[in-house]
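Everything below concerns the one structure shown next.
The chains carry the letters A, B, C and D, assigned in the order they are written, with residues numbered from 1 in each.
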Amino acid sequence: MSKAEISKLGHFGLVSTDLEKSLWFFKEVVGLEETDVMNGVHYLRAWGDFEHHTLSIRAGEEAYLDHIAWRTKRREDVDLFAEQLENSGIAIEWVEEGTEKGQGKAFRFKLPSNHTFEIYYDMEKTLASPETRSVLKNQTHKSWNKGVSPRRIDHVNLLSSLPANELVDFMQEHLGFNLREYVEAPDGTYVGAWMSVTPLVHDIAFSFDPNSPSTHEVHHIAYWLDNAQDLLRAADILKENGIFFKGPGKHGISQAMYIYAIDPGSGVRLEIFTNGYLIFEPDWEPIRWSVDEMDIGFTYWGDQMDANTENNPTIKA
Amino acid sequence: MSKAEISKLGHFGLVSTDLEKSLWFFKEVVGLEETDVMNGVHYLRAWGDFEHHTLSIRAGEEAYLDHIAWRTKRREDVDLFAEQLENSGIAIEWVEEGTEKGQGKAFRFKLPSNHTFEIYYDMEKTLASPETRSVLKNQTHKSWNKGVSPRRIDHVNLLSSLPANELVDFMQEHLGFNLREYVEAPDGTYVGAWMSVTPLVHDIAFSFDPNSPSTHEVHHIAYWLDNAQDLLRAADILKENGIFFKGPGKHGISQAMYIYAIDPGSGVRLEIFTNGYLIFEPDWEPIRWSVDEMDIGFTYWGDQMDANTENNPTIKA
Amino acid sequence: MSKAEISKLGHFGLVSTDLEKSLWFFKEVVGLEETDVMNGVHYLRAWGDFEHHTLSIRAGEEAYLDHIAWRTKRREDVDLFAEQLENSGIAIEWVEEGTEKGQGKAFRFKLPSNHTFEIYYDMEKTLASPETRSVLKNQTHKSWNKGVSPRRIDHVNLLSSLPANELVDFMQEHLGFNLREYVEAPDGTYVGAWMSVTPLVHDIAFSFDPNSPSTHEVHHIAYWLDNAQDLLRAADILKENGIFFKGPGKHGISQAMYIYAIDPGSGVRLEIFTNGYLIFEPDWEPIRWSVDEMDIGFTYWGDQMDANTENNPTIKA
Amino acid sequence: MSKAEISKLGHFGLVSTDLEKSLWFFKEVVGLEETDVMNGVHYLRAWGDFEHHTLSIRAGEEAYLDHIAWRTKRREDVDLFAEQLENSGIAIEWVEEGTEKGQGKAFRFKLPSNHTFEIYYDMEKTLASPETRSVLKNQTHKSWNKGVSPRRIDHVNLLSSLPANELVDFMQEHLGFNLREYVEAPDGTYVGAWMSVTPLVHDIAFSFDPNSPSTHEVHHIAYWLDNAQDLLRAADILKENGIFFKGPGKHGISQAMYIYAIDPGSGVRLEIFTNGYLIFEPDWEPIRWSVDEMDIGFTYWGDQMDANTENNPTIKA
């Protein structure tokens, strides 16, 4: 039987200390569509997302990313991954079907950093309501209904007080991710690593900061816009709604444009993201950036985040 | 041994009746970079292409697309594809290594429509000259050096007097392509089909027109720009340089923006292309458009090509 | 006493046969803000308009543009214009202060074509409500609240079965407008004329078509967007809302990008407009386009309107 | 006889310590067109500028802005301004016709801050060469020939160790400029002032910094681009060419997007500028920003200049 494979980043499960404010931020300001509410969990997706949801939000006493979900390539890969991970001594925990609206069989496990991943295959492909449905058969919702209006989920960036090396190894060995770009300190420590199973430069990135409050922080979650100028429009919208953000700017690594905005409800950082390059080469050599080259790697140009993690509060995952 | 796989569209081999004019068009107006000239063949690529070339142009008495090249996923896939195709009774012709600058072992064969494909794996990853090299380690040339300045090769659209059905079957069976969207006549004839091995909606499309001059025409070759507005700038540049073009407009199928411009040297149609969606879903159901829905499928909005093939000269492939 | 002068285009007074649909179009799809409703008249403006309204809409049994209003440079210019016009034998009709919400002393008169103009100076500079007010002191409403979200009113284009020559003369002599560009037939007939009192290429244009249903039709009214890509977003929004439109395209004359959309309530054509050039030269020589040059003059590139007026219903003014 | 009036900003006369590098920057990187070279002076303009030049550059032992030239509304305004200024005790110096290529009768004088202004009316409207001429009759050169490719000259910002108050008074009294926006300290000092004779928010701005090296520094000169995304493309071009710049960002005051780049030859700061609003209101009330509101006034969002003048070298004017 062939090796289990991940097809794509599926969704984020967010817990917010101020559910109402998080819903206002993600629905009205960012402009995600709500497909369902069940047991106090709100299920959202962007207008071009094809699955039932790419973000769920529920209330909690502490804000954190409950789980980051990855969809497998085949239905049987869920069991296969479970088996392979357990064989490697990694504990898994099954999530009963239907616990998460629209989702089939799934399990969760923890990275060496203690970040929580979920593996699933089956997920409803809910149609949009007639009022918000696009006139196009290949698009879920009308675009530009409200707010920033990103097209789809893009990636996640995890922050840790552990060097990224061990996480990169884990992702390659257990989940089949490819290393695409990385920043390496003179002593061999990976300060940052960008990895993917798709031609996107990253479905996931790992950031290392020894001063990180824990091993399992979320640097940001990201949604995609089609055009750089949509990002400038996003900046206007964020500013007019009193949202704190950094950017716009352009990364050297990934060549993508960014804005980093803070959800005032949960404190999670949302990257609004566009442009960048795709990797179709089967023999891609990971791009190595030395610490000296980090500046242009992180910021090709534009407004940037304060490098100091202490000034950039994060939430746990 | 596992099945041979295609990783990506590699390059186009173009023959032009007016080499000088084609070089002016592709180098000065479109803004591709010339990496090499050998034996009268000019090798070009876009600033973000990672291989030695994505377009070659040489002089000939007739204009045609000599071959469309596909890169395999692994080196051994070249032999494997050769074997599989020959086992299926398809004649192949080996291209001696080095015949095409930068390229390793390769062979060519013909589709049922007589369009010529090339299969290869090894290709030089030539560095740009110091003058045109980007300051970024993950980008080949400086962007925006000249003209329209697309980022990379995108796809090819082949026109035939054969219904697309047989070609779709061939691509699925022999080359592992996925059908992503299609237009189907009431009698089951595929009028158009969009297929890919990557998350792009199409690496290749097939257009059927019973009045097509032959079974093996090129509807267009395509290069990618990052932003919709880059396409508007392209329209200005094309107009100021006296290039005939249709567009800009936006397709329903693929959701991409387009301009169709004619190379005044060879007559090949070049699509300048941006936006659109990516398919990461492993269980993608091909989107079927009926003939009644074709209008919005082809043109969501904007300036469109005359549907009549007779008014739209094509070259052979 | 110095000559009376016009400072700017003020507003349009629209009568619609389907008020509800017109309000949906202009408020939800186009995204204008409603500042007031009084006596069945709805007063709208764009987020960057500084006056109380730039468009009013009321119900009527026939759809037409009730009046096109021009603001004078000084308060005393209202009386001065009234006097000058009457001295030239042109009948004027005073509009009682407050008849139109926010507006002071004003009068109306008819062009030789029978289009109705209004002259005023005083107009309330209403603040936006706290909820929609911009965080910027120099901007009226938050931008991007809803729909297309143009910044401001731009110009009007009047269609007539009278050649534009007489109207150009009238505008120059009585209202101090400058001719900026024009299309001239071999017999000296002005087929089109673009005129302004501001550095915009046109605050008003006149289109001549012998087959026009009357001497006093409205070809279109226009609102301004800051960026070309905002127009592409507008095309998506119009299409998803089932609005009929032509474009996007770029005019040669004025060098501006356009979309022409039809208000499904009144049938008035709305141009969504951006880019183009400004005329600061005090010795501007009007640009003459011959009939042979009309094609590039009207459409530098892109999707264009059917030239045949019969296929392009208009409303009266 | 009526009062003399300014119609527009005409051009900048730049002296560079490294002429070759300044020419490379302005011609190849910024993409201005050279219309003439005479007596070692290079005359440049943007593709949409209608006059013979909007920037002249010559070599000198010190870099400075030799003069800032303003075009009058009428030919007789040159003499009229000369007379009015002399009557007010301001010394003027005539520039012999033809000294500056293409320019007629002109004179220079100094602001209270010692910045040098030039007043002229006659200027050649040179046609572009057939190779670079636009296909449009209302556009001078083909757009997008090279580099950033701005459309036209926009404004100048002068820095002084004198509070802006006296300069604002001077501009209003002697040259008829209108105050559009200003930043006022609690003691009444104008920290910044934006003034215009056109509907642009500013043809000129004055910045006050007590630590400015002199009373007559140039903060920046500015050229205009049509679209915000052109600015993002400009950032790529500047970065790839090793040019130091700040931005992109968006000002609150003027609502315009900006990049500030340094000419490596002369050290003059060039603002690349787009969007923003126009003032057509004849009764515009200057927008007052308190020192508390300065932050959002200067930077609505994005990357900003270090406020400290000492870190931002300027050249004299």
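The rule is simple: contacts are C-beta pairs under 8 Å (C-beta built on N, C-alpha and C of every residue); 3 or more make two chains touch, one makes a residue touch a chain.
In this text the structure is predicted, and so the values were computed from the model without any measurement.
The set of chains touching chain A and also touching chain B is given as C, D.
In summary, the pair chain C and chain D forms a contact in which both copies contribute largely the same residue numbers, shared numbers making up over half of all those used. Chain A and chain C have Cα centroids lying 46 Å from one another. One inter-chain figure worth recording: chain C and chain D are separated by 32 Å, centre to centre, where each centre is the mean of the chain's CA atoms. For the pair chain A and chain D, the distance between C-alpha centroids works out to 45 Å.
Residue positions of chain C touching 2 or more other chains, listed in rising order: 135, 227-229, 236, 239, 300. Taken as a graph of touching chains, this assembly is complete, with every chain in contact with every other.
By the touch criterion stated above, chain B contacts chain A in their complex at residues 2, 7-8, 48, 50-51, 71-74, 135-139, 151-152, 181, 198-199, 226-229, 252-255, 275, 277-278, 280-282, 287-289, 293, 296, 300. The residues of chain D lying in touch with chain B in their complex are 134-135, 142-144, 147, 227, 229-230, 233, 236-237, 239-242.
Every residue of chain C that touches chain B in the complex is listed here, in rising order: 227-229, 232, 235-236, 238-239, 245, 247-250, 257, 300-304.
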